[in-house]
Amino acid sequence: MSVALLSDFMAGLGHKGFNFLSRTREETKRDIASLCDSLVSGRGEISCFVIAEAIFQRWEMLDAGQRRACLGSLSKRFAPDAEAIQRHIKAIEKYPSPENFYQLHAISEPRAQELIRRLNHARNGTRRLVQMREVLLDALTTDRSLEGLDRDFVHLFTSWFNRGFLQLKPINWDTPASILEKVIRYEAVHAITDWDDLRRRIEPEDRRLFAFFHPQMHDEPLIFVEVALTTAIPGDIAGVLRPDRTIVPRDEATTAVFYSISNCQMGLRGISFGNVLIKQVVEELRRDLPSLRAFVTLSPAPDFARWLTHLRTDSGQSILSASDIALLAKASVNGWERDTDLLKELNPLLRGLAVRYFTQAKNRQNRPFDSVARFHLGNGASLENIHAMADVSPKGLATSYGLMVNYLYKTGEIETNHENYAENGTIAISGRLKTLLKHVTSK
Amino acid sequence: MSVALLSDFMAGLGHKGFNFLSRTREETKRDIASLCDSLVSGRGEISCFVIAEAIFQRWEMLDAGQRRACLGSLSKRFAPDAEAIQRHIKAIEKYPSPENFYQLHAISEPRAQELIRRLNHARNGTRRLVQMREVLLDALTTDRSLEGLDRDFVHLFTSWFNRGFLQLKPINWDTPASILEKVIRYEAVHAITDWDDLRRRIEPEDRRLFAFFHPQMHDEPLIFVEVALTTAIPGDIAGVLRPDRTIVPRDEATTAVFYSISNCQMGLRGISFGNVLIKQVVEELRRDLPSLRAFVTLSPAPDFARWLTHLRTDSGQSILSASDIALLAKASVNGWERDTDLLKELNPLLRGLAVRYFTQAKNRQNRPFDSVARFHLGNGASLENIHAMADVSPKGLATSYGLMVNYLYKTGEIETNHENYAENGTIAISGRLKTLLKHVTSK
Amino acid sequence: MSVALLSDFMAGLGHKGFNFLSRTREETKRDIASLCDSLVSGRGEISCFVIAEAIFQRWEMLDAGQRRACLGSLSKRFAPDAEAIQRHIKAIEKYPSPENFYQLHAISEPRAQELIRRLNHARNGTRRLVQMREVLLDALTTDRSLEGLDRDFVHLFTSWFNRGFLQLKPINWDTPASILEKVIRYEAVHAITDWDDLRRRIEPEDRRLFAFFHPQMHDEPLIFVEVALTTAIPGDIAGVLRPDRTIVPRDEATTAVFYSISNCQMGLRGISFGNVLIKQVVEELRRDLPSLRAFVTLSPAPDFARWLTHLRTDSGQSILSASDIALLAKASVNGWERDTDLLKELNPLLRGLAVRYFTQAKNRQNRPFDSVARFHLGNGASLENIHAMADVSPKGLATSYGLMVNYLYKTGEIETNHENYAENGTIAISGRLKTLLKHVTSK
Amino acid sequence: MSVALLSDFMAGLGHKGFNFLSRTREETKRDIASLCDSLVSGRGEISCFVIAEAIFQRWEMLDAGQRRACLGSLSKRFAPDAEAIQRHIKAIEKYPSPENFYQLHAISEPRAQELIRRLNHARNGTRRLVQMREVLLDALTTDRSLEGLDRDFVHLFTSWFNRGFLQLKPINWDTPASILEKVIRYEAVHAITDWDDLRRRIEPEDRRLFAFFHPQMHDEPLIFVEVALTTAIPGDIAGVLRPDRTIVPRDEATTAVFYSISNCQMGLRGISFGNVLIKQVVEELRRDLPSLRAFVTLSPAPDFARWLTHLRTDSGQSILSASDIALLAKASVNGWERDTDLLKELNPLLRGLAVRYFTQAKNRQNRPFDSVARFHLGNGASLENIHAMADVSPKGLATSYGLMVNYLYKTGEIETNHENYAENGTIAISGRLKTLLKHVTSK
């Protein structure tokens, strides 16, 4: 039903095009900064999309170095107008009227914001701006002077990607291939090796995949979560992904396992969707499958090994006994994860250390040291269980000694957990982990 | 394909719902301002949509007076934070670093903006905010202290309704009735009397209607334009709308007449779509009907009578002769528009005055006195022709002595016209009107 | 997604068209019968749709008389090939092999069947054939020689409109206006007066409308049923349709009332959809609204008055007492339906007669005399209740003395009722009607 | 919009279901033939889909041998009713009235036709019937007594898959993966090796793929054609499929090459779609890409080698010289296709023989011996060119000595070619091939 945007027609016009398009062709010979001036000075909104298009076309022809240079130059050119601000500050000091305060906000707006808003008029403007910020984030690592410009992107993206505008869609074997290939590419936790692997994750009746989309980037997932429907809370990832597992009939599933969440757009870093996504998917699944009782994750503990290293090198004396340290040392030998005798001793130690890690190791803001724990606990989940030897991939062994963790989303308790965490930093943990913790600390 | 938003589920949960929904029910007993505090203080984004929903539900139960009071209170509560700003101003005076200027923008942001962004998380948030601004605009007419709050709405709506996000859709007899009834209701220029009248405007092959939609308000047109396909530039509206006219086969149409543009959302006043709409529709029609040669409007001259009154009362001596004044006086007698003898004398006078009106009567910004002329000429159209006795409806007679006007959009000239107008205020007029103007002024 | 059929392109080509289209233009000068010969002789399927299109275009230019003549001529021309059949009969008599019996079926196929199949290749072929049969049915009333041709239509339509191909769709206020206007036009039981009336029947949450569509006639409903959701089995139609009634919230509805079923396509007479429609809608409603307990109709008794007339004129002595006859006579006076004193006496009499009518009055096939009763009882419904003064429209009074009837579809019993009816003609009636019947017959 | 069919609900009801479903469960214990009796005897259409569903469920549990046995038994049970036919034959001999001839058609209809029509009521009935015929076709190869039953399938499929009901859809990278995997599976000419290979055939702007679908089998392509857009008529398949070829911009394409046509449904063998598909795709491409001038195939010559073998063994003396025969003999040595010296001599010989083959070698019906040639020439194409060493795959070498052929569809000439071919067997060939033929035959 929908008719393409004007900019699409313009793009399609090619050599047959408009007078004012050909005029723009001359403009493309001008440098980007000067085109950006025209765009913002905005003699007439008519040519807005034509100039915006011209800017992107030039930009896309630049190499990496030129792009950084370009961003640096734009960052200066479209910074806040210090003079105007200082003039207005004087005015406020004389007349601190509400009107003047409101005007201050407008006057202090960095000019880059209007630039970005108008660039959005180009064909696929939103997507191209997201790609532009990718370059910006990369440049930021070496050039802190770009921070201001990045703030402007974040400010507008936060407004445009407001949750009120996001659309949750199921991804399955009836989804267009052009979107599925992006799922293959963007999966960041447990890589999807090929189309057959993908198919195993979306086609069986005990598998689900949901993604958020933005109306202006309708074939680009922003973030997605992979879900396994099971009859029990799983303790390791291999069992979840095994190709030859028995498929659970939809009416028999009692547990939804969120085993992978992947952000897709590097250019949207810092615009968070994950927490809303999980909660919407919980609702969607609950509605579709009333038999579900538990919503859990099967998550890595990505900072556990790093914390243990800390512990061993300095302050851990009170926690680690000499024999613990000796035991842990054995877990650096190649192939230790297959030494069943060792594991018999090591696994209880690791679980015991892990329950202390999750409940006692904090960062400077007095939140859990573990980044994934911060995400889920902050979201209102509780820590349900800790599994040794649950992810024996090289990455799993290196970062967490093979540990994986279940976080539980229990509908009656999400809000309370969330608030206790937000106000007092309290961490909700299951009875079994409480017992374990008591046992470990009483030693 | 798309799954409803979480907020929809929540809304549907009703009494069966969530713990944290019921908790919110208590919150609905708290007053709106305090709920808004919670929303913005934002302990956890989890409950964002629940609180936003609660605020809207309370708001929608208020009567008109209560709503105004509520807006007044929010306006004060969520104004810019004067103290924080002044503290920061001091900091800037000490260290006028770029960083500090960027922070000033953030600090000077009225808190209402974050409030509005979070209200948008509610079910149908965008639509409800647009409706809230309707009330605000109404309240503004008597209470100027709300101007700041209105700026915040405008700031965010401008960002959200960025042209990059709008969708152009054709409206026809296959469109859902729920949208068609809105077209009937919103038509502001030439009223649509009933479903049969509507059908005559959208079903025949020589009629078109296009509207802009926003992805978050998919069944609410924002603005629409009605188009008649003809074989010549029409001189009066009755001929265009006549039910018994001969229908022009689509391949024979040479002219697209834009005879009515209606804004639909009062709450979006000041967020302009009209100029982009016309240009997109021109492109759409050109693509679909290559036989089209001319794109014109058939527009009212809504301020002509008012200008003539001016002229007669004070400064018009140089323009109006005594006999002119006498002749015009006859056009205030009931039924004058049917006095063919009078019209024979009067029509040439009116057209002569009108050509001066359009080219010489200016407002304080040195733009045309006529608001419709400002819109189309500013858009890059030229003034093509002036027709006497072209709209003999009571409104037409009262505001413009029955005059109607064609503005012409000629693809090779739009941009030049637009720029000449923007830079020098130059008004493009047709050869025939130039001749008429020369004749009139040389008298 | 779907690309238009070739025939659409051809139709759109107009004067720019194809060599082989222009060749066909000459063919349109030939008479229809000869074009039909070409179509069936079918030198090459290439031109099939071109010739079919030409035939329909000629046909559509004929007047009513010419169309009848044309059908008569086709009927003869494309009758079964008697000679070939008789030759084959001889062969069978010699060799009654299975092969020969199979061939007999092919040889005895009236040539009209292949003609109709090929006419279906034209643009909108199916729809145009349905319209052609409308004319045929009309002609049949005076010309029985067309019966064979009509059988051929019925044979193919039965195959094409096989239930396996029908699509059930809900009709509501979001349905395209082009379909809604057909609902207004086709409603045959309780006329829909205008768009507002229609809206009252489809927009409120306690109203539903479902229609069957065929994939090849996607904007033409074949049959539709109107449903009211209520909290009790209603006894009169006015209450169901009252604009100011209280709307029943969807969760509180216990009863679905099928108060109107309308066939839309006269040209599909004899191809029955009604029974399948009701059952699919029952399933659809049950799934959507688990709170529903009863599925009933509110139906007319269209042949009751006619039966009573019979009774009074001849055989009714045993049933009607002299005082009954006198009482009934009063019900022919204008305005009798408002004479409350009369109604006090008359209503019990009418209900008593009606229960006998439904259970005892039979047609020649020993099925109920009442056509609507035959439909619903044959479908597996039971007779639930009889209401006097339930439809006081002129039509209601004239055909049924104002009586209306509830038929009940009770899921556990549909099949049993249906079989008992089919095998023994047994009519399922409610306990209350059994009591009434006993009381009436024991008198 | 569309609501699932009743049968879907029934299937979904499971143990919660209907009385009359559970009754049917008992019926599933009865054998298929007896269920088929019930279905056809059809006391009440109510249970039609329930019984049909039960039949299919039983059928799908049978093994291959049981299925053949089942078909054999149905074939006998639902054969034409010989007795009834013979009774009616007697009646006809007495009264050869039109009425009696019409009745003969009905009476001679094999009962299997009604059986198949009613089986179509089951969930996915059409698809399951198509699969059933796959089994039937397989069984037919050893059991000719099933021919009659197969005729019944063909009769109904021809009616149901009438071109008037088929939908042409483009297949591209935005098509659901569930359909794309079928394209990979069904490609019968030039195998698609994996998803990357598929992508190369549908994503670039110079590639197209179109398929026919039936509304009742919306995710099952019936037949598809692969098209390459080029700037010249290609002479070999490797060049067309080369991954590293330069992509032709859509505005520069002058030639559409149909390089592969694949039937997808074995169960629809004998129901031809190919000719209509090509013509619709020609129209679709012409409309989308006005720059196209030529529509050609790049086709195999699948029966050429077989014909040559004939020639060499018996009647070829007049055509093949001794040196020709010696030369051809060399083309049976492994690797001959890479012997460039040999090819220099052999290629002209092969092209010369091929032009005779296409124009002179006939089957018993006096049509070309080559099956692909029969298809395209019968469709109205002309033989444009013959290429040696154009398909050097093992299959290409074995069946056609590596030859490939262009057939040309030229819009002004399709109909004439088709008619000349149909009436006189005339084969249209290009000027260059005429010259070649003259040269070869004059030797």
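Going by the order they are written in, the chains are A, B, C and D; count residues from 1 in each one.
Just so it is clear, a residue touches a chain if its C-beta (ideal position, glycine included) is under 8 Å from a C-beta of that chain, and two chains touch if they have at least 3 such contacts.
Keep in mind that this is a model prediction, so the values were computed, not measured.
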| item | value |
| --- | --- |
| Between subunit D and subunit C, distance of the C-alpha-averaged centres to the nearest whole Å | 39 |
| Interchain centroid distance [CA atoms averaged], subunit B/subunit D, Å | 58 |
| Intercentroid distance (Cα basis), subunit C paired with subunit B, Å | 49 |
| Multi-partner residues of subunit C (at least 2 other chains) | none |
| Chain contact graph, described as a line, ring, star, complete graph or other shape | ring |
| Interchain contacts, given as pairs of chains that touch | A-B, A-D, B-C, C-D |
| Residues of subunit C defined as touching subunit B within the complex | 14, 173-178, 180, 194-195, 199, 219 |
| Parts of subunit C lying in touch with subunit D, wherever the complex brings them together | 1-6, 9-10, 18-20, 23, 43-49, 79-80, 82, 85-86, 89, 92-93, 96, 98-99, 101-102, 104-106, 108-110, 117, 120-122, 125-126, 145, 147-148, 151, 156, 158-160, 162-170, 210, 215-216, 275-276, 279-280, 283-284, 287, 378-380, 411-416, 418-419, 422-423 |
